[in-house]
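A, B, C and D are the chain letters, set down in written order, and residue numbers restart from 1 in every chain.
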């Protein structure tokens, strides 16, 4: 790999700051985690977006949460076709090997991936329709969600509704995995959907009894 | 989604702690990020493992890092076949839409996904060879890396070498994406490989001049 | 105390979560408790084990339960020899100063202290026999209980029986305290023994009429 | 044990409430904790007082905290004399068997045990001087602390200072245990002192650099 570069110095500086403080404060715990392995209580599926504060929100930087982050926190449907499926592999490992008790799917406001899906489905982003667009093909997962919200008149409301559909679509697709469905049925696993407003810091969770999201 | 449950109460408490402290201290900044969108300086690709401290290590919880986390921090080769490719979509979005300046691939010690690959390739985990194993098919990406380390006699040394191969394989596969290769060529993007020892907190980065990993 | 450190930051976050929620919701009550003093209805004696959910099980975080937690929920016999006796002091304060109406001794499954006693008494843990072993000398309290269960053939059944003997031994030792015996005699105090299965969440209480533990 | 009574029905009701909610919500996690054993990250030493919210404050009802509660959160000095020492046994088990990373000693406002010590040392509670007083003999541990605060003119200020001395005395006595001192020296263990105001919910931690308690 002749193209790789040394770590940029601003990251080296931050790393050294972490080593001298957080690591120093917690080293016994980190050593134990290294020796005894992880035992996460929950899996969190969230977006790659740099403004999503998943570890911070749940104090998650302590060996408790198995975290998968992808564009728009999407879970594709169950497709055991022998191809590479990174998200499905993460879900499989969390449920069958780590036996997590909860899966939390976490959406957020201002999601660029969801916005791309919105524009693609409403004809405003033809480049995302191209076969070679990885973002477009990934956001295809959310097309059925777009159908449910397309009649909302206000655009910003529509996009927000689509962000929540991304969470619901993932929850539904999760249930298409046989090992997820059976763990949910036996009560060994529960699934949860939340949506975070980045600007005002609020958090909403999906309540099936009300078929909607309510502030926590 | 009648199967979803409300957010577990222990997570609600932690969220409220974040809201009352970190959010309260940074709300002006979070509001600006919400209004103006993210502008991350780097993309980090790391493992889902609950013991990997990516945000903490790089002080990354502030809108600066676009973070993709999957099993064993792998990037698959470029395959624009129209299927769902979550990792490729994340890389495409980071490089072409967000125009990040750096991509850091971060491996770590004690990686369960890498260990699975090791066991599969050495014949000790036939269940991972099944077509329906998402973890097995995902770890296929690392098979060429196994070939390079399989003659190392000591098992724990061999696994550690394979963890580093996971980083190098991802760096190589990244270069197979035309938009990555061209951004690297023009100097708009640099790629970096690091490996974190969870127990002792050390960080090594790949130095092409020495064709090996050195402590930062 | 030059060796003490500031509170770890992950505990600070959790505390702030409590302050913003539970405290905020109950502050009038907490202020009254602070001004008027505690008036607990019962004393609970349980194990230090992190998996014992005493406050949670009895909704006990509201000023109602005076809680003593030690290794294996043991009460030593009455020994007014002028030495430091932490458990005896807690019982004395609960009964004579606070005049609690109930004392509940709560044992649990998988108790490490009881297992230590089992191993010590069966010759498998000679290090616990040393005079300097605080755990060994503390578990001496349960030696008479071991004599009653040692002939149970199945090891896991034997340990479970010993966990229940820990509850019964404590109930018996409680009656050796003159102020406990007299309060029980006048009907001002009742004592209760329960045992909690951590994994399945069941609770059994001791019924003297059946001389055994029955599920609640 | 012919004197024991069945569990009072108000406690049965609360237990059933917990079983139907908190247990049901967390049963997978509780089962895993039962099967795999506890792995607490910290030991907390706090008072038996019913108004001390230790589990609540730190979200501690989740298998993470090994909790010892006695009168006035005191740790006696190291005395390996072969007698029963419940607190010393708890500390020994936490440090040598569980290898906790932190010990947090937590004092609180309005502590009845500390008040008893105050009254005993200032001649106002001769009954606590009797050899047979378990509370008096337990509070002897805090006599050196009284000497340090006895000249504070205001009584309520003096008692509050004595509550903080109880935390500092425990921290000092902890260091007299060889296994604690050596774990602190190697950096495997850190000790922390905090004091909670029950009425206003504030929390102070001891900062050795300032030789005093500061609000968190």
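Just so it is clear, contacts are C-beta pairs under 8 Å (C-beta built on N, C-alpha and C of every residue); 3 or more make two chains touch, one makes a residue touch a chain.
Small disclaimer: the values here were computed from a predicted structure and weren't measured.
Copies chain B and chain D of the same sequence differ by a rotation of 125 degrees once their CA atoms are superposed, given in steps of 5.
By number of C-beta pairs in contact, C-D leads when A-C and C-D are compared. Averaged C-alpha coordinates put the centre of chain A at 42 Å from the centre of chain C. The geometric centre of chain C is 14 Å away from that of chain D, both derived from CA atoms.
Touching two or more other chains at once are residues 22, 25-27, 59, 62, 190 of chain A.
Residues of chain D that touch chain B in their complex: 22, 25-26, 59, 62. Only residues 1-8, 11-12, 14-15, 17-19, 22-23, 27, 30-31, 33-35, 37-38, 40, 42-43, 48-51, 53, 55-61, 63-71, 74, 76, 80-94, 97, 102, 104, 109-110, 112-113, 131-135, 137-141, 168, 171-172, 175, 184, 190-194, 197-201, 203, 205-208, 216 of chain B touch chain A when the two sit together in their complex.
Those residues of chain D that touch chain A in the complex are listed here as 25-29, 32, 36, 39, 41, 62, 99, 101, 187-190.
Within the complex formed with chain C, the chain B residues making contact are 12-22. Chain contact summary for the complex, chain C toward chain A: residues 5, 8-10, 13-14.
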